[in-house]
Amino acid sequence: MLPANKPIFVINYKAYETSYGHQALLIAKASEKAELEFSIKTIIAVPFTEIWRISKEVSIDVIAQHVDPIIPGQGTGFITAEMIAGSGGKGSILNHSEHKLKIFEIEKGIERLKLNNLYSIVCAETPRSSLAVANLGADIVAMEPPDLIGTGVSVSKSKPELVTKTVEKIRNSGFKKIPILVGAGIVDKEDARKAIKLGADGILVSSIIMKSKEPEKKIFELAEGLNSLNK
Amino acid sequence: MLPANKPIFVINYKAYETSYGHQALLIAKASEKAELEFSIKTIIAVPFTEIWRISKEVSIDVIAQHVDPIIPGQGTGFITAEMIAGSGGKGSILNHSEHKLKIFEIEKGIERLKLNNLYSIVCAETPRSSLAVANLGADIVAMEPPDLIGTGVSVSKSKPELVTKTVEKIRNSGFKKIPILVGAGIVDKEDARKAIKLGADGILVSSIIMKSKEPEKKIFELAEGLNSLNK
Amino acid sequence: MLPANKPIFVINYKAYETSYGHQALLIAKASEKAELEFSIKTIIAVPFTEIWRISKEVSIDVIAQHVDPIIPGQGTGFITAEMIAGSGGKGSILNHSEHKLKIFEIEKGIERLKLNNLYSIVCAETPRSSLAVANLGADIVAMEPPDLIGTGVSVSKSKPELVTKTVEKIRNSGFKKIPILVGAGIVDKEDARKAIKLGADGILVSSIIMKSKEPEKKIFELAEGLNSLNK
Amino acid sequence: MLPANKPIFVINYKAYETSYGHQALLIAKASEKAELEFSIKTIIAVPFTEIWRISKEVSIDVIAQHVDPIIPGQGTGFITAEMIAGSGGKGSILNHSEHKLKIFEIEKGIERLKLNNLYSIVCAETPRSSLAVANLGADIVAMEPPDLIGTGVSVSKSKPELVTKTVEKIRNSGFKKIPILVGAGIVDKEDARKAIKLGADGILVSSIIMKSKEPEKKIFELAEGLNSLNK
């Protein structure tokens, strides 16, 4: 269930108009096709309401965009790891810069996911906090400088030192295998390629796919960028 | 789509172990049966992950337990009114005492639901704040004293004055038709009956159904209590 | 202790660089002078750290910018109504658009202030929520459309209908005496004058004083605007 | 300004009734006396409203219980590092289990304190998150298992392995000098002594002093416990 040793390509559906309904499924299907075509691991992070429906339709990993660090019981309007597993999800993003969490919620959330055989992709905004979330037990770390999100100016091109510093900090602290993703502003094949070249194990993208008029084409372009430097 | 002029019976699934999977569907089916049997309006508030699945299986209103007051776009891990509508939901609870909201989130959340033809059941903990949420535009108000939730000591028996005061405050401020629900500690037919007798238009329950070994029986008992004093 | 029947002039120090230290005291002294000169009630809302120091130096009401709705006991880093009273404060702002609160926190905060003989100035962003906070027990209501805060485009000139609607809603609901303040974008005598003319009982300002090179002059100008139409 | 190489004794005033007014000052004076008497570093964390007053009266470090990670400007009701410095504070607690923070708030809060020459005591609830906050840049780490806070059952006696594991994790990750405090349930000389023996550099206490009828006596007892094993 955990991502294999291939470049990881995470598409975060966020709450875009294309994140539910007909278009959401098309993007899922295209992502599945990309995983079959290229030597990459494709993961889609969909709204809670779509996990059930989409996971029934595709073979790639469908994950949640957040999980609440609570145990089953009271908790009106919150989502447990059990609910994600029960509806076909394989994991969850945690601490996205649009959904920042308390440090204990990250630690507890990771724990609750693990207990349900789900993996965590924990976001962080700096090299420093990337290491901190690795300390907290993240299965995958995703570093995204928040000021670049949605800008079209990619982290791999404009702030490569943040990528290398994140990789260095984490690898030098004894985490040899934990996959490290980078995101923010990634828009084309070259950005994806560059991320891998800088030492990242994959990318986390959103707007470039979700707001695209030809999402399938964009998915394939980015997948190809990841694939080209396959480790 | 808005609840008709019958006693309203809301079952809040919360995050109990029975709130997803097989048991969740059985409770939905029993609730549907109760609506057909008695002259009441039955509404089930399920986890986000279950709206799609359950709303395909029953004819009664399936609603969410919360909605985030955001517009489609960025918003990782949040749920828009559009997603609820898109997956078959008819409305949402807001401001439950386990999920308390800022005043602007309530106002905005109600607005966003209305724009998507969804109704809001807005919770409040006191007569005073019940009137305040009516001011904010709630379609249905649900008053629950938080210290009684899950206790088995019902608001209608132990604090009837809170029910009558809530009804009075709201009706005297010009809200003649807005349905007023009460909840907390309701466990049997008599509690349900008493709530209606005190002027409420329905009840909001959870643990007594979700933790029951015979949920169908309990649902029918409470439905009968509501039905007996049908207005 | 409660504001008298004069136009009310609240200066919110916020967290500006002038909100503490030497400049903070100068602004307090100028505000005191304005109260003596004009027939107005002047109130300054200072940072928690400044209540003790400033309240020892001026005779006008010094209030807090927020209060946490907790009782004395545990609560690391939170501020109780008792602490505000104990350091010389006379009340507190609640629910400012930069510090939005849950509806139960507003209700509880007002209660805790009252128990300590302190008054509440509860902010709201719309006419609808202004009435809601009046129903929650606010001593003074302050309506500020958040999109105008700090812009220099005053609510009284650019959205006069929001002022009149707020006044109407509150007065028509039986609150005959509760003072209603308006704020956002107020920069000159005419803005202040206009607010009173539209039915408000005072104004809430911040940046125009705190970022001014001649705060005393600005304070006097606004005070004169309020005074000119003294009710 | 940073604590010297002596056992560190932090008294967190929290929001107890003794945290402001007359009693607050007596406790400060007794803490100062203890620092003079024993070879320890004494720090008191007082409410924001008391920093000015108390720091004028004692020579020991007076710190805040929290700081908001914002820069001077807007920010109604929030406290900047500048305000703490300006009123005589020397640092701040961050992320206390009664005031849990988002991971970015901890990182940013530490940064803002440093910029104002203030030190941070960052709390964590587990060995894992203790290392994470060290990686975020904490000047001092304080580990407190939340289930023991205020119980009178001390962490050093009942969960010594949490203390040793925290010390190990932090020291083995290259942080040779960062002081590590432990807290929760510490009530007597032996608890203090034991904490130091287990490798901690000091203790963080609250209720045992703040709710004591003879706080001075208790302060001296704990100081003596720390002193006895002076490193």
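Each chain gets a letter, A, B, C and D, in the order it is written, and its residues are counted from 1.
Just so we're on the same page, a contact is a pair of C-beta atoms (placed from the backbone, for glycine too) under 8 Å apart; a residue touches a chain by one contact, two chains touch by 3 or more.
Computed from a prediction, not measured in an experiment: that's the story for all the values here.
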Both-way neighbours, i.e. chains that touch chain C and touch chain B: none
Equivalent-chain rotation between chain D and chain A, CA atoms, steps of 5 degrees: 180
Distance from chain D to chain C - Cα centre to Cα centre, in angstrom: 35
Distance from the mean Cα position of chain D to that of chain B, given in whole angstrom: 45
Numbers and ranges of chain A residues touching at least 2 other chains: none
Footprint of chain A on chain B - complex, ascending: 12, 14-17, 19-21, 45, 47-53, 64-66, 70, 72-80, 82-84, 86-87, 93, 96-99, 149-150, 206-207
Partner chain B, residues of chain C touching it in the complex: 95, 100-104, 106-107, 124-126, 128-129, 131-133, 135-137, 173
